[in-house]
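Down below is the structure, laid out as structure tokens.
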Amino acid sequence: MFLRMIKGTLLRQWKKMLMIAFTIALGSSLATAMLGVMLDVGDKVNQELKTYGANITVVPKRASVIGDLYELEDGGTSGAYLKEDELGKIKTIFWAFNIVDYAPFLNAAATLDDGSEVTVVGTWFDHHMDLPTGEQLDAGVVSMRSWWEIESGAWLDEQAGADPDAAMVGTALAQRLGVTAGDTIHVTGSTSDRTLKVVGVYDAGGDEDDQIYVQLGTAQALDSLEGSIDSIEVSALTTPDNELAERAAKDPSSLTVSQYETWYCTAYVSSICYQIQEVITDSVASPVRQVADSEGAILEKTQLLMILITILSLIGAALGICNLVTASVMERASEIGLMKAIGAQNGAVSALVLTEILITAVIGGVAGFFAGWGFAQIIGHSVFGAAINIRPMVIPIVAVLVVLVTLIGSIPAMRMLLRLRPAEVLHGGH
Amino acid sequence: MKKSTMFVRMITASLMRRRSRMVVALLSIAIGATVLSGLVTIYYDVPRQMGAQFRNYGANMILTPSGDSMTLDDVAAGAACIPSDQLVGMTPYRYETVRIRETPVVAAGTDLESAKKTSPFWSVEGEWPSANGELLLGAAVAEQYRLKVGDTIEVTYTPEELADASADPATVTADEMILFDVTGILDTGGSEEDHIYMYMADLETLTGTANKADVAELSVSASGDVLAGYVERVAQGSDAVSARLVKRVTASEATVLSKLQALVLLVTTVVLALTMICVATTMTAVVTERRKEIGLRKAIGASDSSIIKEFMGESMLLGLLGGVLGSMLGFLFAQEVSVHVFSSTISFRPLLVPITIIVSIAVTGLSSLLPIRSATEVDPALVLKGE
Amino acid sequence: MSLLELKNVYKIYGELHALDDVSLKVEKGEWVSIMGPSGSGKSTMMNIIGCMDKPSKGEVLLDGVDISKQSAKELTTIRRDKIGLIFQQFHLVNYLTALENVMLAQYYHSLPDEKEALEALDRVGLADRARHLPSQLSGGEQQRVCVARALINYPEIILADEPTGNLDEANEAIVVDLFHKLHNEGTTLIVVTHDPEVAEVAQRTLVLRSGRLAKEVVNQNFTGQIHFDRS
């Protein structure tokens, strides 16, 4: 009978119930969209911030340190290199998934034909890697120097099997030498010389404008440093540092075991640095503060902003739902008066009304969830050009929110209904 | 009694005596208006506020000598071409090779107070130097010489023409020497770690030459075309210095900032649209509740137009109150957000108040018009009987 | 000329003939009851006389004007100027005081006049309850406010639909007494009721059955006496 009554209400009052369901759907879509975007905005903005380039640099342990260790009188600055064949290991660390890009660098000092010195930088441009995990990654300066403007020619394309002699020249140097894409430059390294073909001229707005960029192997050949690299720049998605991360960065051994676990398993820039040091022999990985710190600040601000906007919109949605639920329950005063007149207990009346409202809320809430998911995708695609990844935790949050708000919305109306004396209602006292 | 007096009396009676219902309706309109004024304020404020955050990335413009060298006055003149309220900081640098324990190291003379502003990402262990005779060591230098905070160190300078002969003890004694206290160690993860930083006055004493700068870093809170415009202005305003943009910072900032603004715009649009629909359904419910009353008024002789007038009057009054309340709450909300998120206050936008009020009146008015019309179209007899 | 005349009026809803060829006349100053069981067409007739509905066929002449040919807007004007309505469920605006409810009718009619509205409340014996909200009044008091509201604009006809249906005996007596008073002042009264005792006090009782006028009883004993006594 209970079910029959509920069914009756839902079918007969479908217009009113539709309105409630609609409002609840609006509220729940708002909550879903905002929570979805809010929880994903960190990752999305983090991706965007990758345009600032690497946030971690890896260099060999200082020559001086080695000098000290082995009690060498003259350590010098040369002689310490990282190994090229260890590069792939960076994608094997615990936070490998967060490493979005990296590139090795080798600076070779070379002489031009006019006798002036020039730095020839060997690196990856769009180096293709097939990772042991089955993933594929295109890494290199094409993506890590996104701010470079190509003035003539094009990016050096490694994958298209570029000529080992291909080179890109900085705009300042190109102007000084009067070369442009298609010309050649002859450079002499410490052990061999090369005639480089200029495929592109770039404007970097910095020191690189006086340099020549070539493929890693080409630079190594100039100084006979096969298999060696000077530094690695790594671009990683990181979590903004907190007090723990700062303490760990100074000395990981000062942490307790559980703190260490937390730190190691969180994508702090310091823990990623630590993990890189573990896989690259004799290396020091350190955060590039200009990028890493600013990233943290901007991420934090954006997330906080989104959280506050989300809270505001949730309050708005909650009030809207509350209001409508109150209105619709009040409207049914006479029907409920009748039920009480024919002997329904308060509990039975409340159960009936609440069940009806909750069924409506669930229908509206589910519809709203999918609508909100759609809204989030619209936002994701139009702003970031990527889908918003709605976290599973959004579902229970929205569900609890909808049920709670609906119940709270019914409280004032329920109280009024329970106080009703059947006679008043039936005899037109309104 | 005038008709208008009764009109006002009825509307106030409806608002005052049906207080609990009206308060909820008013609250939901006010929240709608709050969302409107708050989010729009934030939307307009985000570029400025976020722009300030992006200044964490440090200088986005550098001044270099047009010729061989420039003086500090040239730098100041160049920087003066940029409006002072946009200029977050301006730091001149002069680089000279000095010697510590007979090995060369690059020393930068600068204004360390403004370096804090143009390079907010510098992480200093210990203290920033606060007086002449104090020194900030790059982390790599500190490691190389095994120096730590609190140490004192002799720094010497050999004029370039004598540098080749520095091995000769006779000339070394002629060098300027200053005894520095190491107050801090600089960690940036970049090339700054290879330098030592001191006040310009100390470097001038060491070298014996004054009023000279190699480069000046500027942090300007502008992006895109505005920033490019400043480069032009410096080019026109000064012969001695030329300005360049730090592409890495400016290009990336433009990309990220535009994304962020698009994000806030879209979020604002979605939230606003949904909230307005919410307000509309609320108003619809508020009016629908009163179908019977509308029927009664018709039965005792009210014309459709006078009913529409009264109910619209009431809705629009609610809209007005909600709008006024909302524009105040919205400002407070935006202010809270600004203080919590960006630690700065926002400016009040007077234009937003009438806009918020008009929009909220329009939304409440329009959303009640439909149900009022449909209620007046029904026969009063049906409404009154239909219980 | 009669104040109200129905000529061969039909009201048809699909198959159902709610009113089936009804003709009647009501003279100015008359007090007429319309009786009949549920579904006999009472309400339909009341709605038509009250200008809230139009007949499917036939003429309804009120003061010589055929209301079946008027637009909805004109009907509203006629209702406002010539008819005072009293309902079984009272139908007061619940957030307006008794006085304001009376003034509401003035407001739609011409101009609200507080003094006149107070006098009307005084006539129904509620001068001291003028500032109360409907929820603070008893059923009988609410119905008396309705009577005051109905007569405030000096209508040609007061049309009451089950005016005592929701009232106890004491209040019923008060309302019927009010009708007597109004009748003596020359107001035309049409009272729809299914309570024979309320119907019988009128000058004439029309009995409806299945949409047709089945019987007309003239109250021989009608004296216009003030005191209604149920016993």
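A few points about this structure:
The letters A, B and C name the chains in turn, as written, and every chain counts its residues from 1.
As a working rule, contacts are C-beta pairs under 8 Å (C-beta built on N, C-alpha and C of every residue); 3 or more make two chains touch, one makes a residue touch a chain.
Predicted model only: the values in this text are computed from it and were never measured.
Of all chains, the one whose CA centroid is most distant from that of chain C is A. The interface with the greater count of contacting C-beta pairs, when A-B is set against B-C, is A-B.
Chain centres here are Cα averages; for chain A and chain C they lie 74 Å apart. For the pair chain A and chain B, the distance between C-alpha centroids works out to 22 Å. Centre-to-centre spacing of chain B and chain C amounts to 70 Å, using the average Cα coordinate of each chain.
Of all residues in chain A, those that touch two or more other chains are 430. Multi-chain contact residues of chain B (touching two or more other chains): 292, 387. With touch defined as above, residues shared between interfaces to two or more other chains in chain C number as follows: 89, 91, 94. Every residue of chain B that touches chain A in the complex is listed here, in rising order: 20-21, 24-25, 27-28, 31-32, 34-35, 38-39, 42, 46, 49-50, 53-54, 56-58, 119-123, 140, 143-144, 187-190, 244-252, 255-256, 259-260, 262-264, 266-268, 270-271, 274-275, 277-279, 281-282, 284-286, 288-289, 292, 333, 336-337, 340-342, 387. Contact residues on chain A toward chain B in their complex (touch as defined above): 19, 22-23, 26-27, 29-30, 33-34, 37, 41, 45, 48-49, 51-53, 56-57, 62, 64-65, 146-149, 203-206, 286-294, 297-298, 301-302, 304-306, 308-309, 312-313, 315-317, 319-320, 322-324, 326-328, 330-331, 334, 375, 378-379, 382-384, 412, 430. Residues of chain B that touch chain C in their complex: 1-3, 5-7, 9-10, 13-14, 17-18, 292-293, 296-304, 306, 379-381, 384-385, 387.
Those residues of chain C whose C-beta lies close enough to touch chain B in the complex are 43, 47, 50, 52-53, 73, 76-77, 79-81, 85, 87, 89, 91, 93-97, 100, 103-105, 107-109, 111-114, 133, 149, 153.
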